[in-house]
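Labels A, B, C and D are assigned to the chains in the order they are written; within every chain, residues are numbered from 1.
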Amino acid sequence: MDDFDIEHVAEVDLQDPVFVEGLPGVGHVGKLAAEHLVEELESELVRRVYSTHFPPQVSVEDGVTQLACAEVHAVYAEDTDLLVLTGDHQAQDTVGHYGLTNNLLDIVETFDAEPVYALGGVPTGELIEEYDVIGATTTEDQRERLSEFGVEFRDNEPEGGIVGISGLLLGLGERRDIEAACIMGQTSGYLVDPKSAKAVLEVLESAIGFEVDFESLEDRADEMEDVVRKIQEMEQGSPTGSDEDLRYIG
Amino acid sequence: MDDFDIEHVAEVDLQDPVFVEGLPGVGHVGKLAAEHLVEELESELVRRVYSTHFPPQVSVEDGVTQLACAEVHAVYAEDTDLLVLTGDHQAQDTVGHYGLTNNLLDIVETFDAEPVYALGGVPTGELIEEYDVIGATTTEDQRERLSEFGVEFRDNEPEGGIVGISGLLLGLGERRDIEAACIMGQTSGYLVDPKSAKAVLEVLESAIGFEVDFESLEDRADEMEDVVRKIQEMEQGSPTGSDEDLRYIG
Amino acid sequence: MDDFDIEHVAEVDLQDPVFVEGLPGVGHVGKLAAEHLVEELESELVRRVYSTHFPPQVSVEDGVTQLACAEVHAVYAEDTDLLVLTGDHQAQDTVGHYGLTNNLLDIVETFDAEPVYALGGVPTGELIEEYDVIGATTTEDQRERLSEFGVEFRDNEPEGGIVGISGLLLGLGERRDIEAACIMGQTSGYLVDPKSAKAVLEVLESAIGFEVDFESLEDRADEMEDVVRKIQEMEQGSPTGSDEDLRYIG
Amino acid sequence: MDDFDIEHVAEVDLQDPVFVEGLPGVGHVGKLAAEHLVEELESELVRRVYSTHFPPQVSVEDGVTQLACAEVHAVYAEDTDLLVLTGDHQAQDTVGHYGLTNNLLDIVETFDAEPVYALGGVPTGELIEEYDVIGATTTEDQRERLSEFGVEFRDNEPEGGIVGISGLLLGLGERRDIEAACIMGQTSGYLVDPKSAKAVLEVLESAIGFEVDFESLEDRADEMEDVVRKIQEMEQGSPTGSDEDLRYIG
């Protein structure tokens, strides 16, 4: 096995696909959104990417193991095809992040799957009512186009830049003349956030031109809200309950 | 010296061997079990695997040093031959874990030593009366076969997957069409656990078809129980002793 | 992409340039000084250095991304040309530090840009009135020359040596017969320090022979002093305020 | 520059030299002992070993820098020649430890400088009156020979084995059929310990057959004892002074 090893699970023929990435990150927004597409729309696993820079680990489901990997799915929306990347891991070191992203961009080029949309979350540090969607792109053209779909581009946001595979899909993508954009939902940063994932997907629907049902994501959002409400009630009952605690937990 | 270096200590001719791995891990269950086989049955050291990804370290016994390594022993049970891997170290980094496992799988292929049984422990977080043995395999066939010998396969257990060399023997083994299973004894996770090692070995006896005496392992289990009992007595004598403390220490 | 990748942004023809480095470090003294030269004098971006040893990250400005890199600028002072290195990152690991520095020294050799001046700060652990400038060089000749411009060379200072790219520009520079010097402004070590950056630049003006306006750097210094003053006032108002606290915050 | 780079500072012709290593470690015993040989006997720097696995750092003396390295000195005792390795750093990672040691063993082979004596300390956790010297070797022959000179070989000591360059000189040395021994002075583990270094050197004098003056090492030992005495006095004066504190500081 080389440092990176791509398993061809199925060969597919896609019409003008775009590439969508959703690996774990802030509020698991990108991961929730990408997995929602794979689950709700007609989809098919086409590639697994293994790497010695992933954790040395297998997951276990019903007693059968799967080596740590990232998975590329063909997703067939009504009017458009997508390649959607999902997975449970970022690379474990700096060199691995760069190498993994370059292998993903090879797949993007093979399928001519442009533009690349990296999905993620932007932490705000507090509970959110209105879920703004923040963007960053490799080109000003792409910025103008996405502005029309409600993506906000701000002077200096996200402040610390974009880290991990999402960031490198843009940074290394640009070096290879691949158009790429990062679409990030605001999220508290403290909890898995299905509502933020929905906000991101709604923008993506307009930008790419497809439709997906949100019922299951809304159900998960309701469950999360129940959890938050119970924590808040416990806190208000407790003698040390305060705004500050709320912000910490929420 | 390359990144991995295999020393041929003895050449042996084995009949349809299987491969058994027991490196350090949760409760040292796998390590205890594998070392017990090497000590109780007729055995012979056949390979040492050195690596720049092991700690930069020698062990010292009676003033003579041995470079950090993993050891592969030929073990001759009455009706079957085994290759048993023992050692004091996991690899020190992600890339090392993958590389070491691939070198071990080379040895598995050289000796045609299938299936591979990775032995280990599953932490439960509390003291255990009944030692269930949990399994994970690369194939559903293997899962069915091991179920007959009392191995339990559960929906989502072990929850965090299987990490380290044990996990990769399955994950990378599957990629090379080598049948592999992980057999894990439940254990508190707080103490070295000879009883859990015995439970794992009892399953292995049935699955492979051999017999081993457990007296020495039972003696070590008795010693550990004395230790636990003394800790519990100390705690009950102390004014702050409580169930919670017990769980923490036990 | 290789481990290091140099993007040619512009080709320029420089007259006897020197090389000036200012990456992040103690008090950001070197970074402030190098960026001041690029901003105040006529300058042009000529090279970007990318590396898999930089953080896996893009920065975002007005919604458009830039992959983590170090930037080499041609800076045209009245009587002399400079190559000035700026950036937001040191390498992320030991091997990366050495590799990045060797790539920078390749650029130094290509432009025949000697001597190399690495700019930085020396932490003193307390607020400073007089900003001494400490030096270290690869040759005694260079030490004598810089002494004339007010750089102080002391027995055993900086005590822990010089770490990071600055240190290696001297250490690896000497191995390649490139004359190099490190010019370090004293600084508390607790705050970004524009005054220390100015002290370093004043020495550099004399050593290289150029002039730069310091107004913007002095404005930033005034802002920092306002911050310090407010912290001190808050402390003196507080019942636990003391000299020791001051030293910690200042 | 490669991962390892050996600078030839001087070419020398040595008669049947042995190799002595003293890099930083427990109580700096090995470092003190090796540096004492270089300082007290006639000596000459012959090689510098640079590595990208050393810290990215230069040391500064009188304003002139030296890139992080290990130094090999020819040392001329009355009746025998030695190659003595000194330096301020261990390698920074596992792969670097193995690579550095292999480069050192190349030098050992070039000069045919056998046996290799790695010097170090064994921590006891308490202040010491009698400084026993513990040994470990690659061969039983060497063990018997060193026993005659007062080196003690114990069942399971040092308990955690020998880590770092000292350990690997034995472990990798044995793999290359180079005879090697580690000679370790007992030391508290809390302080730099010139007395332990003297005890190690006294054994080395007998084993190799040379003489060295210990006055400067004894002076340093006296200074350390003054420090310890003052700490003890301060503690006995303080209301919380106790045996336990003593052990911690001593």
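Just so it is clear, a contact is a pair of C-beta atoms (placed from the backbone, for glycine too) under 8 Å apart; a residue touches a chain by one contact, two chains touch by 3 or more.
Remember, predicted model here, so these are calculated numbers, not experimental data.
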item	value
Interface composition of copies chain B and chain D: same or different, split at half	different
Most widely separated chain from chain A, with each centre as the mean of CA atoms	D
Distance between the centres, which are taken as Cα means, of chain D and chain A, whole angstrom	53
Separation of chain A from chain B, taking each centre as the mean of its C-alpha atoms, in whole Å	37
Shared interface positions of chain D, touching two or more other chains	none
Topology of the chain contact graph, where touching chains are joined (line, ring, star, complete, other)	ring
Which pairs of chains touch, using the document's own definition	A-B, A-C, B-D, C-D
For the chain B and chain D complex, residues of the former touching the latter	1, 3, 5, 7, 50, 52-68, 92-93, 96
Chain B residues within the chain A interface of the complex	91, 94-95, 97-99, 101-102, 135-140, 143, 153-158, 161-165, 167-168, 170-172, 174-175, 182
